[in-house]
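These notes are about the structure you will find just below.
Labels run A, B and C following the written order; every chain starts at residue 1.
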Amino acid sequence: MITSVLGVLFDGFAYGMLLFLLSVGLSVTLGMMNFVNLAHCTFAMIGGYVSVTLMNGAGWPFLATLPIAFLAAAAISVAFERTMFHRLYRASDLDQCLLTIGVVFVSVAVTAYLYGTSQQPVSLPNYLRGSLHVAGLTLGVYRIFLIVFALAVTAALVWGLEFTRFGAQIRAAVDNQRMARGLGINVDAAFAIAFALGSGLAGLGGALAIDMVGLDPSFALAYLVYVLIVVAVGGLGSIGGSFAAAMLLGISDMAGKYYFPAIGSFLIYLVMISLLMWRPSGIFGRR
Amino acid sequence: MAVSSSALAGPHQYLQAQIRWRPIEIAFWLATLLPFVLTPNYLVLASQIAITALFALSLDLILGYAGIVSLGHAAFFGVGAYSAGLLSKWGWGEPLTGVIVAGLAAGLLGYLVSFIIARFRHLALIMITLGFGLLLVEAANSAGWLTGGADGLQGVHMWPLLGTFQFDLYGYTAYCYALIVLFLCFLLSRRLINSPFGLSLRGIRENIIRMRAIGAESRPHIRTIYTIAAVMAGIAGAILTQTTETVSLGSLDFQRSADILVMLILGGTGRLYGGLIGATIYLIARDQFSGINPQYWYFPIGILLILVVLFLPNGILGGLARLAETERGRRWLGPLTAPSWRGKFP
Amino acid sequence: MTAPALATRGLDKSFGSLIVASGIELVLPPGVRYALIGPNGAGKTTLINMVTGMLQPDAGRIVLGDDDITALPPEQRVRRGLVRTFQINSLFPHLTALESVTLAVCERRRAARIWWRQLTAYGHEVDEAYEILSSLMLAAVCHRLTRELAYGQQRLLEIALALATRPKVLLLDEPAAGVPRDESAELFAAIAGLPGDITVLFIEHDMELVFRFASRVIVMVGGRILLDGTPQEIAADERVRAVYLGQAHGKAFDRARQDSHRGSHHESRHG
């Protein structure tokens, strides 16, 4: 019994880390600029497909594709931001939703055209396959890798925010944009960089997700819902909040699927609605 | 702007002129009769358009007039659809009472949910409506004993409308039925918009803080309009069930909520006719391009959304309104050019 | 002795270590025109926000007439007759002036819940709205969208919305702020023409307005009330001149006082 609980927790934790990587960028950009970017998971999907293309088309090893996935997603997101998104920073929530959803629709169709609609195969290196037997538990090696890797990225992220000047600028802009501008911080530049970083992280998450949850063109929409839940529940602009919410969602989802398979995602939605009703700005949100 | 005679008119005459039926509106409704004459082979499509238009109208009431962004409005459409289907399956196939029961069921749910809806704004509200819609889909999926699950509801059979008009494959009865119900609901909506309540809704949409400062309580208003919109969506769903004699999970899934939002945006929010026009264009286009692989359908929709947001922010009717920014334009197009709101959510 | 129209007892408010209000004791007798002046950051708007219920005080009570309203939400306070206008226009951009004021009247008369009858059936409400707009010289533009009105007209519409709620106590937050000189004459006339049974408190920096319209002046500095007296007493008080104006600006103060005395003789010229 305990082993199954621990097993579920472990899987949930891995899933949560993945969700965190996918969501943290959106939380920060929403908190900074209040820009509702529903195309965030499109960048994740792009990262995934870049990784797949390099692996299957050019024979790259899996780990080597990860930084490229990050960079590709970041670069493409910057292109979108400079051409379209920046025009809508002062537009209504609805307009931002609609434009970015339009981008999602286009990306899904283009991806389906280029790659077809079936799941993309991924060839993991041998040392990432299989499972380890630890204290009576069977832990997937890939999931261990995912957890360790994501924790490292998170640590780097937190270090960057707390201990670098740029990180301080971002924190200031999230806290009070007007004041930050008044202090001479170039909020627009800070935002563009934060946006690129966040999208890059999403791309990284997309590449890492292939083995865990699969990759097909519907990824951009299917995981958008989860990402939105994490962001809304965690609180805009709060990295700690995103982390907590991602964990909560990941573990609840795994637990739900394991113990109550008949209910499906019902539990998740119920938990989200209840949490939002209790704390509309998110658990760690401001205002 | 030059002062014309209408600006000097007494306030009562001005209000009268505002709510008067414009010739172009009459032309619109006469045009809805054309399918009977011009395209009798497409009456099934026409009835689908009428049903969807009604659904879009119900969304416009909460989105365009009260400013509530709902990503789960299909929940009420689906509840209406399933209610009408279940009623028929359990032996009572009379259409008109079925519609009323379905409307009441959807309205009851809407009323209960409205207490939650009225308390939140911004992202929390959007997420709650989304979550609620998704929740209902899961529930309907799981409760297969009631809803038929993924296979849909079986055994829906409708009695003839008013005892004589049987629903058939040609869609003649269906279109008449859907069109009449749409028109009646439209009349109701038009009346509502031009009532003091309608004015309050626009006040909530424009500046909810000021509403508090003039002593107005927004929550009861929001609850009322949300309930009315739920009833209307439920009626639309019921008519779909009755005219097609099927109900499936597609009647309440996210796809349906998203599609109706796109249609309304395309036509233009806050102008009553926006949803009707958006639904017409969207469904005709989809019918014309139905040969294309379905996953590619969303490519032009995506492009359209991007273009609409960047260049035609208030939809088609908004674009028309800007063309008609003259006094004469206002007289001709009247409620079609009534200013819509564009700006951050209050 | 009649109860004061509005009174606050010991209002405190701080944000962390920043004290924005400390022991505010305010007493407004009915029908009096009060001006609230003070340097920027003195806490004047914060006080208004607390009195109207938009901000919760840390301590203290607010009494309207005979009722303690400290626990009431803003809408309830408005219904009891405590109304404010905003320093930065808070209007309904896409409603016409007439629609905006009619909305306020309908809400007051609880007609706003009615969704099955047309506005044209509400002649009384529309008439009342039109009258209010006329009294503020806005009748000619009543069918214009709010966003198309001149700034001065929008400030007047702010007041019109407040009047539509039939206030007993009216709090005007810098009514003349941002109004260009050529439009301010109408604004001044409107404020002068406010019904005498309404108690008015207005925050202002414009000394001409203060001396022309206020029968009493309250000076707030650093979250505290420094002085409460007639305009002449305030103008003569050394502490006020030092704190608010600085000695060098004392002359400007005197000039404003003299101008307003001259101005009040010429009011008919601007009407």
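One rule holds in what follows: contacts are C-beta pairs under 8 Å (C-beta built on N, C-alpha and C of every residue); 3 or more make two chains touch, one makes a residue touch a chain.
No experiment lies behind these values; they were computed from the predicted model shown.
Chemist: Quick one: do these chains touch in a line, a ring, a star, all-to-all (complete), or other?
Modeler: Basically the chains just string along in a line.
Chemist: If you average the Cα atoms of each chain, whose average lands nearest the overall Cα average?
Modeler: The chain sitting closest to the overall C-alpha centre is B.
Chemist: Could you put a whole-Å number on the gap between the CA centroids of chain A and chain B?
Modeler: About 34 Å separates the centre of chain A from that of chain B.
Chemist: With chain centres taken as the means of their Cα atoms, state the distance from chain B to chain C in Å.
Modeler: 42
Chemist: Can you check how far apart chain A and chain C are, centre to centre, with Cα atoms defining each centre and the answer in Å?
Modeler: Each chain's C-alpha centroid was found; their separation is 49 Å.
Chemist: Scan chain C for residues touching two or more other chains and write them down.
Modeler: none
Chemist: For chain B, write out the residues touching at least two other chains, lowest number first.
Modeler: 343, in rising order.
Chemist: Quick check: what residues of chain A touch more than one other chain, meaning two or more?
Modeler: none
Chemist: Flag every residue of chain B that touches chain C in the complex, lowest number first.
Modeler: So the residues of chain B in touch with chain C come to 1, 3, 6-7, 11-12, 14-16, 19, 191-192, 194-200, 202-203, 206-207, 209-217, 220-221, 224, 228, 339-341, 343.
Chemist: What does chain A use to touch chain B in their complex?
Modeler: 30, 36, 84, 87-88, 90-95, 97-99, 101-110, 112-113, 117, 217, 225, 228-229, 231-232, 236, 262-266, 269-270, 272-273, 276-277, 280-281
Chemist: For the complex, which residues does chain B have touching chain A?
Modeler: 63, 69, 116, 119-120, 122-124, 126-128, 130-132, 134-135, 138-139, 141-142, 258, 262, 265, 295-299, 301-306, 308-310, 313, 342-345
Chemist: Show which residues of chain C lie in contact with chain B when the two form their complex.
Modeler: By the definition above, chain C touches chain B via 52, 73-75, 78-79, 83-84, 86, 90-95, 98-100, 102-104, 106-108, 111-120, 122-123, 125-127, 129-130, 140, 142-145, 148, 161-162, 164-165.
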